[in-house]
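Two complexes come next, and they have one chain in common, chain A, joined by chain B in the first and chain C in the second.
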Partner chain A sequence: MIAYAAIRLFRAVLTLWLLVSITFLVMRLTGDPALQIMSVEAPPDAIAAFERFWGLDQPLWRQYLTYIGGLAQGDFGVSMRDGQSALALVVDRVPATLSLTVPALVLTLLIGLPAGVYAALRRNTTADRLTMMSSVIGYTVPSFVLALVLVLVFAVWLQWLPASGADDWRGYLMPIVTLALPGAAVIARFTRSAMIEVLNQPYVRTATGKGVIWRRVVSRHVLPNAAIPTVTIVGFMVGSLMAGTIIVETVFAWPGVGQLLINAVGNRDLAIVQTILLFVGICMVTANLAVDIAYGWIDPRTRRRTVATSPR
Partner chain B sequence: MLAPDLGAGDAALGAPQPTRSTAAALLEVRQLTVAFAAGMRDLPVLHGLNLSVAPGETLGMVGESGCGKSVTWLAVLRLLGTTAKVGGTVSFAGQTISDWDDRAMTAIRGRRIAMISQDPMSALNPVHTIGRQIAEVLVTHRGASATAAKAAAKRLLDQVGVPAAGSIFGRYPHELSGGMNQRAMIAMCLAGQPDLLIADEPTTALDVTIQAQILDLLRQIQRDLGMALVLVSHDLGVVAEVCRRVAVMYCGRIVEQGSTDDIFDRPYHPYTRGLLAALPNLDGPRRRLQPIPGTVPAPGALPPGCPFAPRCPGVHAACRSSVPVLRPVAAGHAVACVGPVDRTVAAMPAAGAEA
Partner chain C sequence: MTQPADTEEDVRTPSTGRRAVPALVMIALVWLAAMALLALTADLASPHDYRSLDLRDRLAPPLFFGGSLSHPLGTDELGRDVMSRLLVSIRISLTVAFLATLLSTLIGVVMGFVAAHFRGWVEQAVLMLIDLQAALPFMFLALFVLALVGNDLVVFIILMGFYGWERTGRLARGLALAAQGQTYLSSVREIGAAPWRVYLVHVLPNTASTIVVAMTLNFPEIILLESGLSFLGLGVQPPLTSLGNMVGYGREYLTSAAWIPLAPSAVIVLTTLAVSIVGDWLRDRLDPALR
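== the complex of A and B ==
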């Protein structure tokens, strides 16, 4: 078990290292922070001084080693724009983002799971088709369109909710709904197929043949088995929520990490971009770990496999 | 070995509940039809099946894959799902259960009629322990407490010959062999103390060496507990070992039924004779196995008359015009063939059933 945990940890670090390295390369090769931050008309000697100050005149490999070396010692760097600590800037924004993503994930599951189960149990009926049609609409409409439609209806026409900002609880509603709906649509679809797959399994017939009432067959025999593939999708959901939050924070002028990331990328402000991506990466790795733990908890077969694959 | 000491202190096990008279059927199936919805039209797989099972009797149902032998019993228990259209009547212990709703059927399923399925690996739920799946029957039908159910489930596992029943109780199906799982499945079926046990190809998915053990177990259970046993199989040899009476099915109909002796020694229907000729003869002289020529027609493409006519060596004009009905040829022996009895026998002189 300790060996298994060590392998998991090593893989997580490797993932984060790849993430950091690729971002570094892409950020350095696609634009000059000096020109972005100081403007194109800045005098050449000022730009040269800026580049010398931030080490941008060094060869790429040396910049990389300096950066990775700092990171390994817990130094996330400072913003090239105002010299503030990147970590402090990001951490400052995290609560605002989490206050959208966590409720959004909960809402995603609260809508998606029951809708999928309902559609599967009523498969090939009108109710099923309507549910699946809403699901298709839910994940094909881009979230910025959905956000703008919500703003138009609830902020402009009905004037029930503020169009942007996080002043009171009403400001949270539209961003959370915008974040949650596409995810809920995907979850509903996956839950439905997972359920139908399980409903056709011989052991469901066995359970019914034992004289167990249908509701109990569903809750005890179908749901736990359908949960196995569904959990995987919920793990992926964490990643797409992070992507969604960038758009949603921009549309609703939300003072969160997503907005910070958009600005930092525009400025090629490497330290901030990297810190945010590390934060997202850690979220993803943690979500994957949570999915694996959930597997073992739900499915006894993976419990055995985990033990079998870990070297002694 | 199998003492009638199943459930938690339930002495009324042993024989099934006495019925009004010994001659009355436990299960009576009349004009049972099943059709599956396939696109625009329905695909009929059972064409008005009549069948009865007496209390405590052993009946074998044989036929090739897809002839409707499993579907018959899934239809009786109404486990076929919404795509199947089921017609006809099913009476059990004097009550017409085919009229009952799904909720009422739960009192029959697992309690009065239990079904062992073909592949124990897929028929057991992978996320629950063996013991829990057995105990569920006891809780459902006996209102047993969790502790009582656990103790009774361990006793049941012991009775079906599972070694170290106490430790197997907490294991999952994937941790056990196919034979062990099938024993657990049988224990699960016995937990409800049913009057009728249906074993649907119980040994098909198992190793040959395990097959004999499972058949022995079924025979022993039937003898000790006195319940009626229906053994569904494509293997006449398996059926002959366990059953006193045999029904032969072809394309969704029973084409011949009678005592096991009748079927093996005096088979009438050319299909039955063909099945016997295709059976290796272990005792007699070595001979070539004779496969039945041709293939089984698809359910949607049955010929107008007797479905066996295209493959029958003794076919004549009358066979192609109407579907023959079961008619008695001797006491307890019926055949669905229009040919005269002696002509049918003469039609396949090469068939080795007389040996």
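== the complex of A and C ==
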């Protein structure tokens, strides 16, 4: 188990290093940072001074080492707009985003898991088809359309909820639901497939054959085994939730990381965009690492095929 | 929405058979054919030029809500005909999604086949890239590149063309590895066929159905990604227009002129839904490998 966790950890660190290096390379190769910040007509000696100040006259490998060293010390650069630390600006926005994503993840699981289990146990009935049809609709409706429809119904027509802002708990409802529904649709579909896979296993037939009551077969044999692949998808949910916040925070004027990112892209404020990209990378790699380790812990079989991740 | 790579391939029931109702699939196919036709004939079918302003006739309601026949879907805040803009948007959104899906499939298939052919460190490098791409929600990557290089239509299409290549790549590598174990390939190689011939003339046709199914998964997701970015004002740029673009700019008129954002929203939802329905059905019908 320790060897398994160590290999996973090594891969996670390697992925992060690749991400950082590719980010650095892409940023240096796509254009002269001096010309992006200063105007094209800036006098050559001003540009030279600028490059000396930011170390851009150094060879690439030395710039790279400086960059990595800076990141390791929490120096993610400064915002081009007001010279504030990019890291501080991003960290400042994290609580607002977490106040949406954490409840949304819980809601995703609360809707998705039972719906998937229910559909699998009633496979090929009308209830199953309706659930799966809602699931398809759930992940084909873009979140900005879902958000607009919710605003139209609950804020404009019924006037139950505020259209944006977070003055009290009612302001949280629509953003959280908008974030949670597409994920719940994916989880429902995935859980259903995982359940059906297990329901077709010989050991389930054996259990029913020897006279174990159905409720007990499901709770003791089907659910625990179906839970194993379902754990992996929760890692992916973290990624799509983070992507979802970009749209949701824009629609509901929510002062979180997603809104900061959109403004920064509009202003081409690279330090902030890069900080958020690396932040998301760290979150995703950590989430996947946690899922991998949880997976190995729940299912001992996976620990043995560690080194070469089997082709799927 | 990023869908995990292994959900559909791994956990698939052996015997679901036909799941989608054929009538539903027919409706979906008819809808898609209509969209393709409208995209091709957008110039002929649109009643007005999509850019022409009519400031005296702003925010006119659609036909059955008190509007007139000359603007069947009403007009927007600048008096531009919503119907004409919708048709041009359908053309642009579908073209972007179509080209991007082709590009993404091309990248994925080439990377997958290269990995399967050379094995060794080349394969490990490709797998590292696939893992890296899978570890990062594409939306963030896209925004990073857009902030870096700015935006125009060609850059945007190429960027969208990287969406989902890692899934196709993983799939293509698996398919090529499986094909290498088959007798027909060793015979072809015995005869002395060059590697490119082996892959292009033999492996590709034998794996095409699976790859086409993967494309039907990718296509609606690229539509959603494109419309999401355009909605945020960071995708297709004015004076061009796209479905997400129309929703984004029409959002402010949700209370006063709801048809402006709702008409393109409906087209996005119905189109992605139709592709998904057809894709599910195709997967169940054509592709025993994924069952």
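Methods note: the second predicted complex is superposed on the first by the 236 of 312 C-alpha atoms of A that agree within 3 Å, B and C clash if a C-alpha of one lies under 4 Å from a C-alpha of the other, contacts with A are read in each partner's own complex, and residues count from 1 in each chain.
One rule holds in what follows: contacts are C-beta pairs under 8 Å (C-beta built on N, C-alpha and C of every residue); 3 or more make two chains touch, one makes a residue touch a chain.
Quick caveat, the model's predicted, so the values are computed rather than measured.
Undergrad: Assess the superposed three-chain arrangement around chain A: do chain B and chain C clash, or do they fit?
TA: Partners fit side by side after overlay.
Undergrad: With the two complexes superposed on chain A, say which partner A:G209 touches: chain B (first), chain C (second), both, or neither.
TA: first
Undergrad: Please tell me which partner, chain B or chain C, touches more residues of chain A.
TA: Between chain B and chain C, the winner on chain A residue contacts is C.
Undergrad: Scan A:G266 for contacts with chain B and chain C and give back first, second, both or neither.
TA: Only chain C; A:G266 stays clear of chain B.
Undergrad: Once chain A of both complexes is superposed, is A:T232 in touch with chain B (first), chain C (second), both, or neither?
TA: A:T232: touches chain C, not chain B.
Undergrad: Look at A:R301 in the shared chain and tell me whether it touches chain B only, chain C only, both, or neither; answer first, second, both or neither.
TA: Once the two structures are laid over each other on A, A:R301 reaches chain B alone.
Undergrad: Touching A:P114 in the superposition: chain B (first), chain C (second), both, neither?
TA: The answer is neither, since A:P114 touches no partner chain.
Undergrad: Looking at the overlay, what does A:T140 touch: chain B (first), chain C (second), both, or neither?
TA: So A:T140 only meets chain C here.
Undergrad: Is A:S193 contacted by the first partner chain B, the second partner chain C, both or neither?
TA: In the superposition, A:S193 contacts chain C only.
Undergrad: Thinking of the overlay built on chain A, is A:P103 touched by chain B (first), by chain C (second), by both, or by neither?
TA: A:P103 sits against neither chain B nor chain C.
Undergrad: From the overlay on chain A, compute the angle at chain A's CA centre subtended by chain B and chain C, rounding to the nearest 10 degrees.
TA: In the superposed arrangement it comes to 80 degrees.
Undergrad: Taking the superposition on A as described, I'd like to know which of chain B and chain C A:P255 touches: first, second, both or neither.
TA: In the superposed model, A:P255 contacts neither chain B nor chain C.
Undergrad: In Å, how small is the closest CA gap from chain B to chain C once the two complexes are overlaid?
TA: Between chain B and chain C, the shortest C-alpha distance works out to 10 Å.
Undergrad: Over in the complex, which chain C residues touch chain A? Could you list them?
TA: Listed in rising order, the residues of chain C that touch chain A are 1-16, 19, 127-128, 131-132, 135-141, 143-150, 170, 173-174, 177, 220, 224, 227-228, 231-234, 244, 247-248, 251, 254-255, 258, 261-262, 265, 268-269, 272-273, 276-277, 280.
Undergrad: Taking the touch rule as given, give the residues of chain B at its contact with chain A in the complex, in rising order.
TA: 74, 77, 79, 102-103, 106-111, 114-115, 117, 119, 122-128, 136-137, 140-141, 172, 174-175, 185, 188, 192
Undergrad: Can you name the residues of chain A that touch chain C in the complex?
TA: Checking each residue of chain A against chain C gives 11, 14-15, 18-19, 22-23, 26-27, 30-31, 132, 136-137, 139-145, 148-149, 151-152, 156, 182, 186, 189-190, 193-194, 196-197, 200, 229, 232-233, 236, 239-240, 242-243, 246-247, 250-251, 261-262, 264-266, 268-270, 273-274, 276-277, 280-281, 284-285, 288, 309, 311-312.
Undergrad: For a test of understanding, state which residues of chain A touch chain B in their complex under the given definition.
TA: For this pair, the touching residues of chain A are 201-203, 205-214, 220-221, 224-225, 298-301, 304.
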